[in-house]
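Next up: some structures, all given as structure tokens.
After this come two complexes, each holding chain A, first together with chain B and then together with chain C.
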Partner chain A sequence: MLAILKNDWKRLMEEKLYLFVSIGLTICAVILAITLTNTIETKGNIALVLPDHQPMTTSVSQFSECRYFNISILETAPPKSELIQNRYDAVVTVNEDGSYTLETIKNNEIKEMIYAALENPVAFVPDLNSERKIGTNIIGYMMMFLLMQGVLYARLFAEDKENHMIERIAISPISFWKYLFGHGVFILAIIFIPSFCVIAAAKAFGIALGFSLLTYAGLIAVLAVLSTTFALFLNSFFCVADTANMLGSSLIVLSSILAGCFYSFAKEKTLFDKLIHIFPQKDFVNFANALEKGSLTSVVEWQFLYIIGLSVLFFTVAVLKTRKDYYYHK
Partner chain B sequence: MMNAIIAVNSLEKSFGGKKVVKEISFDVKPGEILCLLGPNGAGKSTIINILCGILGYDAGEMSYKGKNINACMNNFKKHLGVVPQDLAIYEELSAAQNVSFFASLYGLKGKELAEKVTRALDFVGLLEKGKDKVKTFSGGMKRRLNIACAIAHEPELLIMDEPTVGIDPQSRNHILNSIKKLSQHGMTILYTTHYMEEVEEISTRILIMDSGTVIAEGTKESLKKDVFDERQFIMEIEEDNNLNIDEFYNIEGIKKVEKKEQLLTITTLKNIENLDKIIALVITSKSKIINLFCRTASLENVFLRLTGKSLRE
Partner chain C sequence: MRNLYLISKEDLKNLVKNPMWLFYGTVFPILLVVILGFLGKESYGGDVTAYDYYGITLIIYAILTSGMTSANAFMEVAIRKPNMRIIYAPGDAKAIYLSKIFSSFVFSSGCHLFDMILLCSIYHIHVSAIPQIMILFGLTELFSVGLGVMFCCIFKTEAMANQILSIVINLFAILGGLLFPIDGYGKIARTISYLSPAKWLVKATFAMIYDNNFRWFYYAVIGLILATAAVFIVCDKTFRKEDCIC
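== the complex of A and B ==
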């Protein structure tokens, strides 16, 4: 196994550009996360329906100017399909007697928040506990790059297959478990160490990062394991490095965006929201979010275990598939 | 069979319903260079891959030093070196780094590893190029490095699958000489090729294969003797107006006489001495012999005789 590690290092040193690019991307991800966390505000879209000739009361006028919502004033209520399409998060209709009717397909928290804003629009401050904090944002932004690095470095395994080195390795006494474990440890280390160093450097500069360095180490390590095992799994099915690289990168970009690594699209009510939990990125962001807010629940813990289980499954399949392709034992 | 390093018995292998190895049996004895000779598609590489454990088989048995090979595969692998047909070396690394990596897969490390890497590179004549990147090497040098990677751990049995494909004559000679030296050091070698001249030069025993079967087995001398009982005299003659071809058939042992322009080809039984009579007949017809040579049996002829086709068809 040590032989594989050393060999991977020597090969990577001949292609240092890969290392520099991935370190550069990690630095960019951290800077972006820190910068954007302070500038992005997530606002709800609300349709405020004022039927014809309905006078606008002071409180309605103040509500329409609330800085925490994007409010569109309409004369007639929009069709329900626009709620389903997420064009609006809620429709607030002002009745003739001055009361309000609130229609939404979102959860009760949003309902309560809008009611609170309607009751007291001037003093209203949203509960920011539902927003992601900086630590989760940094991990979310880093996630896609860390996952892509796995695919990038798994080239070392893919090239062994493409250039027939693996046949020579199959003939040697080393087992495929050890061989792939060697590649895995190397890829994991080369993802983890530079990423953690970037975070540690940011901390050393006094930048608020949300989590402690130890927590970051754990979170990055889990991501590195997922990234490594997924990349080995993917490459075990392809004999051409570029095919696995392109497919892997595309899958990671798409799934990371859908899973809300950069911005959460989840509204927790639609079928789509539930389906995206298939992507481990979604579960990981949820775990990091809960960890940062100190609200770990058993559901979130199961989501975390799902990531670990998936990593073990990816690695096992990678070994068995490679063994099936290159080793015969009667 | 008992003292064989490898014994293969009734081995069979099919691909998509087509049998490519048909009940093949052979053994590899210690210290010998056994050549598997046959055209492309004869089943040589398939047998090698089965022996190395990277390809399954349908029927038959294989043993290593008398033990079922599947039962002692790990032990077998420790004593096995393989030079694959395709180059399997890291282009971006140096020659020494390549040899060191593959040798370390066999548990070598530290000083012992460094010594064996040096020895292997020296053996294939690449010691001075040890620190150079493989991507700067010629095709022949890469082939030699491919061999160094397989011998650094000093295996008991070396399997070489067409190791000289596509290289220059100088590198080929170097490789063939290296193989002979390895054999002199006691290494057992199983060598596959479709080049007759290589087999002629290095083999101690030959298995001739065609279409998945062994069609002949023996030393090159015995194969030629068993299969080829004729020899040919070829004469270049002038002033042959009075030469009567039919008169040659009166000489004992003559099987065939052909004349094409100035070349007279006479095929005769090998065990009958009749060259003096043939020459006398040519001279009495007042023809002038400009050149004379005798064509003895070659493995090419043996293959042609056994299969009815040339090895390179």
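== the complex of A and C ==
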């Protein structure tokens, strides 16, 4: 097993350009995750349009200081394309007689919330319980990239298959369990170390990250395990690295978006939302969310165990499938 | 020229025959739009629907990912031996990569045009300024297939080119707000998002459709032409016909 680790390391060192580019991209992705999430603590962006510098009435000025919204005061209404791109959630135009009109492309819930805030700016308190906190968001954003990394580095295993190295391994004394475990440990390390280093560095610079470093280590490790085992699982079914890679990255993108890694779509309690729990990403986000809010229930713990179980299953299937393909049976 | 045409024709046949690429080019974008549009439906009102947003952004996403198709068309295992024959044949060896660019351009634009027509007729996505959008998307398509081939020329193997390309494209997509709108995420996010070419495309397209504003369109077109020229130059400099020997 140690021989495999050493060999993997030497092979990667042969392709330094590749290694640097992929580690650089990981670091970019994690930094992106941290910068994006540090700014989304408000309930929405609102454009307050005051034509011709007219003075604000008291209720409007109180509204513009409301800390739950990010309010920009403009002279002319923003173009509609900015609303479509979610630059502003709503445009409030103050007319000359002090009345206002609200324009939004969003649903009625947001409309009512803004009306409530306009009516009574001082007492307005939105429902913040449904929001995710910083740590969950960072983990959610990192998740897709960490999962894709697994497919990226599982090329080491895929190349063994493509170049028929694996047939030699099959007749060597090492068992497939140990062989795949060796690759797994290597991939795991190369996913875990760069992303964790960025998180640790961010912590050292004093950026608020939500979780403690130890928790981050645990969460990233679980994600890296899932990513590694999924990639090995996928590669055990294909003899061509490209097919596994294309299929793997499109599956990961699709399921991560569905599971709401970036953006929580579905509301709880619909059938559809329950079905989405098949994706481990959804369970993972749920777990991180519960952990951060301190509301761990047994259901959430089971969801966490499901992720671990799925990883074990992926790994077992990968080993069994590879063994079936390459051992001579008759 | 005739060589180039003949090789491109064969490459196109090779692309159309592979069910995986057909799936990736036609079904995958539709699936993305249907799923994301369905999921995002609740947060939009009646005037503008989630499909109006995702129908545009995800087609741009699909166009950017067509770089993976061209990378595959260039260095797929099955295509390596034919490539080697072209080196020995009389004529310019540059036809190898140029033909891959043209054939995957034709292939992916065909797929995405079909997707757009289908999606617009099913979900009544609000579109205007169609000729300009066609020009913009066509140029983007040329740029992204060129980018795929460029990565192949630089990294020499297809697997590596593909994997790095997919991470780069996804970073661009998220920064550009293709998978979810990013503009609401504060000033820093908005500033970084301009690093991504996807952002310029989205902005240009929406400004044309909803504001009738063509300023961004001209910027995007000029930027794309420059970027495509750069990609072609890098291809020309880094392509060595020895790499096709196997």
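In this text, the second predicted complex is superposed on the first by the 237 of 330 C-alpha atoms of A that agree within 3 Å, B and C clash if a C-alpha of one lies under 4 Å from a C-alpha of the other, contacts with A are read in each partner's own complex, and residues count from 1 in each chain.
Note that contacts are C-beta pairs under 8 Å (C-beta built on N, C-alpha and C of every residue); 3 or more make two chains touch, one makes a residue touch a chain.
Since we're looking at a predicted model, the values are computed, not measured.
Judged by the touch definition given at the top, the superposed model places A:327 against chain B, while chain C stays out of reach. Of the two partner chains placed by superposition, only chain B is touched by A:164; chain C is not. In the superposition on chain A, no contact is made by A:47 with either chain B or chain C. Annotation for chain A, partner touching more residues between chain B and chain C: C. By the document's definition of touching, neither partner reaches A:202: not chain B, not chain C. When the two structures are aligned on the shared chain, A:318 is found in touch with neither chain B nor chain C. Of the two partner chains placed by superposition, only chain C is touched by A:241; chain B is not.
In the superposition on chain A, A:21 contacts chain C only, with no contact to chain B. In the three-chain superposition model, chain A touches both chain B and chain C at residues 15. Contact residues of chain B toward chain A in the complex are 50, 52-57, 70, 73-74, 77-78, 80, 82, 84, 86-93, 97, 101-102, 104-107, 149.
Of all residues in chain A, those touching chain B in their complex are 2-3, 6-7, 10-11, 14-15, 163-165, 167-174, 326-330.
Chain C makes touch with chain A in their complex at residues 20, 24, 28, 31-32, 35-36, 39-40, 42-45, 47-48, 52-53, 68, 72, 76-77, 155, 158-160, 162-164, 166-168, 170-171, 174-175, 177, 179-190, 192, 202-203, 206-207, 209-211, 213.
In the complex of the two chains, the chain A residues touching chain C come out as 15, 17-18, 21-22, 25, 28-29, 32, 35-36, 38-40, 44-45, 70, 79-89, 104-108, 110-111, 144-145, 148, 151-152, 155, 158-159, 240-243, 245-246, 249-250, 253-254, 257-258, 262-263, 265-267.
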